[in-house]
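Same chain, two partners: chain A is paired with chain B first, then with chain C.
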Partner chain A sequence: MAGRRFHSIGTLLVVLILTALVPSIVAGQADSDSFINTDEPAWLIIVGALVAIVLIIVIALWRMEGFGKAELAHWLTTTNHKDVGLLYLWASIIFGVIGMALSILIRLQLIVPDNEFMTGGLFNEAVTMHGAVMVLFTVSPMAFAFANYIVPLQIGARDMAFPRLNALSFWTFVLGGLTAASGFFFGGAADVGWTFYSPLTSIDYTPGAGVSLAGAGLVLLILSVTGSTINFLVTILRHRIPSMEIMHMPMYTWSILFTVILMLIIFPALLGAVLMLVGDRVFGTLFFDPAIDGTTWWLHIFWFFGHPEVYVVLMPGLGMALEVVPTFVQRHLYGRKIIIWSLMVALVLSVLVWAHHMFVTGINPTFRKIETIGTELISVPFGIVYLCLLGTFHKSKPDFTKLPLAFVMGAIGIFLIGGITGVFLSSVAMDVQLRGTYYIVAHFHYTLGSVAVMTLAGIYYWYPKMFGRMLDRGLGWWHFWLTFLGINLTFIPLFGMWDMPRRIYSYQANEGWATENLFATFGSLVVFVGQLIFLWNFIRSMKHGELAGDDPWGGSTFEWSTSSPPPEHNFDELPELIS
Partner chain B sequence: MQMDNRTFWMITGSIVILLLSLASIFNWFQGLGGTGEHAAVYDELFTLYWTLGSGIGLAVYLYFMWLLMTSTDEGLDEASLGQAPTDRGDKRVAYAITVVLTLFLLVLSDVTFDSIDFFEDPETTDESFTIEITGYQYYWDYQYPNGIHYTSWGSEPLRVPVDVPVVFEVTSGDVFHSFALPEHRIKVDALPSRSNTGWILAEETGTYPVRCFELCGDEHAIMMGELEVMEKADFEAWYSSGGAA
Partner chain C sequence: MALSSVEMSAGKYGMEAGGEVHNSPAPLLTSLAITLCLGGLLIWPLAVLGVPLLVYSINKWLREEVGLWPERPVRNSADWGDASWAMVWIIITECIIFASFFAYWFWTRWHTISWDGSVGGTWPAAGVEHDITLVGINTVILLSSGILAHLSGNRHAEGDASGATKFLYGTILLGGAFLVIQLYEYTNAGFLWNDHPYGTAFFSLTGLHGLHVLVGLIALSVIGALMHGGHLPSERHDGYRAVMMYWHFVDAVWVLLFLIVYLEAI
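Showing the complex of A and B:
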């Protein structure tokens, strides 16, 4: 087993070297005077979130395995795809708690005009880290959690193609997230917006360690994502049971295939951008020098990543919805092949339209018009997918008493609003006014909110498979209604504030934004209470939920043909697909 | 028709929410009180998008409601475990959606392009002049052609005459800002080493807010100013006196 030992040592070395990079950056830049500014009341919430996280870890361990040395060692060294999936799940829940706490901070600051709850600096940290943590460290890993757990089961594989690479991906991801968030304790986290617009990110304007730490965290994340991408591509393309042709793959597996292909295209751009940025900050390179129009350079390269990233986040959620609907309405999916081809078209279009984030920056007018048309055209494939999803309900027998379907119904409503308001933004002329306002904030929270709600549908759908027990239905309905109404209550008013700039920490009473902000804050608290109920339900049901059996929903894909939770090797006898 | 209570509430709720959100966009839009020709052009465009957008949204919801009412016990074709998924659906549906949506979007693009051309090509007259505006953390620097030069830091407003097209050349002296006059529907990004053009034709005298719309640092929120639209004679007097207030 020399080879295996070599791999383990190599893995360890990579992780160690990467970890060592972090303190060296911090040592260069940390401002020791400002190590947690306890004068700010907002810190109580951050500390509260940290306590909550520790509690979640402790309770999760206690619920899942107990506290023994063996159990701990198991979770630290596991390479089984289901265990890695569960680790991703817990990690994304924990990052979700951080992201949620930050959003509550933002909303509390904006609840009334001229609020002095937070300073501009801390508010910017909260805004930046809320965006980065939610998009990159919560929703995406949540998708990886299910992809890890479900995809090998759906295609009849015993494990991922490269199990150890899978574990490495997970641990680098955790390290990356912690590195990015650790800025809070080293003189302030990144406070330049999650889009990291140059030249505000340069060492001249933002001297603290936060931006460099976020950069280091992103590098680790990209490493993790690249590993996962290769892993999923090989697994999905080469490890299916022989009787499963590619067009027979379940929709969720399709969506993960599209997700990782898109990731493979865009994350190298982010890696390049981040390395150049950290180079500028730490080693004094001049990639984003304002004198040579570095701002535009950053915008192009960042949005080449940033726009498709939205679809990276969307695809897995959509895959869950496409899996849930046919199961609960007792019809085959309408237009299965049409959906697959449409998603492929959307994938291609999505990497061609990044410049719609730069409509007002003075780029070439003809290019802008092309980008307007391209962006509008994206609504064609997604319109087709959406209508096919709705079409599945035609002459069906939907069972609305089932929670996964309820969540998909909620997501269908939320996604429609997000999609239609997005068409407004594709117009270069409309964008002149809407750019940088709360209208944008409302729009992308409607699209990403629908993804979050679809993901919740996926959690309710696959939880029985993962833990062998059902989530409590009563609490589930509370969770559904609080989440659905809360999201709408939070973001409907924001559409109206289309003259309020994003990311301002304070506004005046005479600007007419007070009522809307009050409603939005109230709505965000409703969502927050909903998620607390969910968390409680999630933890409680692991021990006390009703026993699920192998196939509680009447699902037709292979994960339902094995026991809940599945044995370590997934199937006692590999299933066969009958065509 | 097998609609239980929960279905009913879910559908009703989502329709109400759709209507509310569209109404909210529109109402607040109406309440913003824009002024000048830009606002007229912009608001017309917005109204077009809003009408079509809410029309399509509503149509989709009604269609979905109708689909839910077709719910039946017969002809179900639920997949069974371990069976390869069967494809159903008509490709022509996809082609039809593609053609209709594309045509619809191209029409919208055409209207959009007319508006953006208006926003970006200043219709200057003999009286027109250009103000150079430079963003700094956290104020605007105004430079008039005759040498008048001041900043928004001391709460002094940006002064322009009424009924005269005024061109803004916007750039930045440090980080990324965005110069905006929300009530005139004008927004020009201020990037270092780039100069972007915007213009207004103010039709009413009065003062209007100036705002920065790109995160530019800790005090981004206070990067505010005022635009003062003056009578031509008053402006002339101020302008020829070299900026004496």
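Showing the complex of A and C:
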């Protein structure tokens, strides 16, 4: 059915993309002479990452039996929530490869003192795009991948409330990511840090196309997120099977509900900020004019988004952990209602404490105290959730041989370190000393690292549902240990470098940072190898994995009551809630 | 959520009830068009491709939607469906976008004259005078359009299609007049957005609102076209109500904007 349409749509698309790209490439080259600077060895890795991405796509398509024009047309036009979920999964994996390649570049540059692997300019681009790609285009879309696939199944719905809006969100997200990353080829990507601090981002100090392209990419991402947010809110609140009261919803669905509510509140503020930034750069408005302290204005509006974004990233991973643990310890989640209420409290607190990113900017001292107390308060609800999660293990016989549970255990450990080191940073006195150092870098990579590991637990948990086959266990254990040990090997040395400023591209031998940096780079390569094994496992198991059956884990939520993978309409017979 | 479960048992699961999934190129084309339009701000030839593609793809999208409607459940015109609830969330999002620009307004004002006017700058900026009579008339026009929108919605819910259409056209006409008068006000303002931060705050706030009026007018026109084609009986009041809610929101923002931006300048 879709195949006949392919010719007209495909031809139109190819023509459009080519006509769009050619003038922009020409314009980009005219802007700058640094189109691709082949003198720098680092470019080999960027080009290598691109080749790797093409290879991933080709291999993945090749693994799908009989992939032809009709299938291509199907994936370009699909509106089914499960297909869109898989598209999100592939897209976030690809953006993840880009983000990881950039992090390897950063670590390789810092491996020894006085390294000349990259120039300072390219290093700045790599740092900026690593942050932006990982936070905005990898981790959140990975959450949307599972949310799209799993949430309608968990609440017994046939699809999302607005399937086409869902597809629109996906394509807008992809094009947004490509627009932001395209700066690499149009005279240099954004190189101002992922926080885009003013006045560095003004057209006077950063004249290239990179920042404007990143702004355009962000606008597209925000449109996409807003569409998804509305879609999930209507779906979760109105399309549950009638017998499912809101307090009976599975924890993963709860976590997605919290995530989208938070997104609904913070992403419009980011849209405001980005529109102002692009306005200043393109139309000459004066939003960030020094005369009205535009620098601090940017900090306020950006961190009003930026701080809760951390919880946007955290919530879905937490939901996965809260789903995985009860399944594998074969007990009900301890304190389910307490967890839900704690997360609500955390949600409210999270939008009130943005200014703890601004302790050294000369804001009102009373305001600083309020923000310190608020930030310390946030650790209370998360502490409660953490203890409830651990309480679930009480008097149980957990099956630690199962990979999803292993990943959650790893995440629990990593999150503990990230959380405890964060408590110190909420104190103004400590923050003034530690801000802008590698201590901060280590802290937030520990929190986000635990999110990434929880997300991996989710992949191991739901892969059988998505593809009908299990991921290989042997490769999975290699992946687990390399990831877990690699993360610690990378970031524990960084805590020791609490006197090394972040974002510097080189340092001298007599600073005494050489050993720590060497270990950190080694650790990052270990993580990298682990993820390569995972990718191979992911692609290989689609065809050669052990058959999974409907419910390989003994899970109790609705997605396990249908076949693996589920039929197009999800359920042949709608499930009923038995409490 | 008692209401939603009653409604759900009546009109099961919306559009995919038949189990058939409909593929469509419209979402991909629309997002491509949006990207090209946005890219057009940086490299203008992209907009030349983007705008026609946007019109084409949205038109295609709407036609396909209308084609799917016979499969979808109808509901009592008083019931709130997915579209109306989605509009509630959209309006919350919009509130925060406007809040960020209002916040900038107060930030700029604070850094120009402080809260109590003690710092010594002038607010509004020196030489700025608003034609308050003109803006007052424009306010009356926009609020009247809101009343007409309300009447139109009521008529539509009652099943009076011709009455609803009449009031709808009245709404569009007054909304269009509002935009024209605002453009006239802009061209006679005597200052620009890049003259001083006051200009930036003024033009961004009123311009953002004007953009919303424009989007509202497009949505109202789409409703008008659907009414003209007879696609919107009162059993499909849900989408009609959603568009009217949006228009009321645009009105309400203007009241706030009038109070904050213009009244101080008198």
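Definition applied: the second predicted complex is superposed on the first by the 545 of 579 C-alpha atoms of A that agree within 3 Å, B and C clash if a C-alpha of one lies under 4 Å from a C-alpha of the other, contacts with A are read in each partner's own complex, and residues count from 1 in each chain.
The working rule: a contact is a pair of C-beta atoms (placed from the backbone, for glycine too) under 8 Å apart; a residue touches a chain by one contact, two chains touch by 3 or more.
Every value quoted in this text rests on a predicted model; they were computed, and no experiment measured them.
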Three-chain arrangement built on chain A, chain B and chain C clash or fit: fit
Touched partner set for A:473, first chain B, second chain C, both or neither: neither
Partner chain in contact with A:293 - chain B first, chain C second, else both or neither: both
Touched partner set for A:502, first chain B, second chain C, both or neither: first
First, second, both or neither for A:558, with chain B first and chain C second: first
Greater chain A contact set [chain C / chain B]: B
First (chain B), second (chain C), both or neither touched by A:229: second
First, second, both or neither for A:334, with chain B first and chain C second: first
C-alpha centroid angle, chain C to chain B via chain A, nearest 10°: 110
Chain B versus chain C as contact partner of A:365, first or second or both or neither: first
Closest approach of chain C to chain B (Cα atoms, Å): 11
Touching both chain C and chain B, counted on chain A across the two superposed complexes: 245, 291-293
Touching residues (chain side chain A, partner chain B) in the complex: 119-121, 124, 127, 191-193, 197-200, 205-206, 244-245, 248, 250, 290-293, 295-296, 326, 330-338, 341-342, 360-362, 365, 368-369, 372-373, 376-377, 379-380, 383-384, 386-388, 390-391, 393-398, 400-401, 406, 409-410, 412-413, 416-417, 420-421, 423-424, 427-430, 432-433, 435-437, 439, 484-485, 488, 492-493, 495-499, 501-507, 511-512, 516, 551, 554-558, 560-561, 575-579
Contact footprint of chain C on chain A as seen in their complex: 1-2, 5, 9, 12-13, 16-17, 19-20, 23-24, 27, 73-74, 76-80, 157-159, 161-165, 167-168, 170-172, 175-176, 179, 209, 212-213, 216, 219-220, 223-224, 226, 229-231, 233-234, 237-242, 245-246, 264-265, 267-269, 271-273, 276, 278-279, 282-287, 289, 291-293, 297, 300-301, 568-569
Of all residues in chain B, those that touch chain A in their complex: 2, 4, 6-7, 10, 13-14, 17-18, 20-21, 24-25, 27-29, 31-32, 42, 45-46, 49-50, 53-54, 56-57, 60-61, 63-64, 67-68, 70-73, 75-91, 93-94, 97-98, 101-102, 105-106, 108-109, 112-113, 115-116, 119-120, 137, 174-176, 178, 180, 182-183, 185-189, 191-197, 209, 211-222
Of chain C, residues touching chain A in the complex: 1, 4-5, 7-9, 13-17, 19-32, 34-36, 38-39, 41-43, 45-46, 49, 53, 61, 65, 82, 85-86, 89-90, 92-94, 96-97, 99-101, 103-104, 107-108, 111-112, 193-194, 196-197, 199-200, 203-204
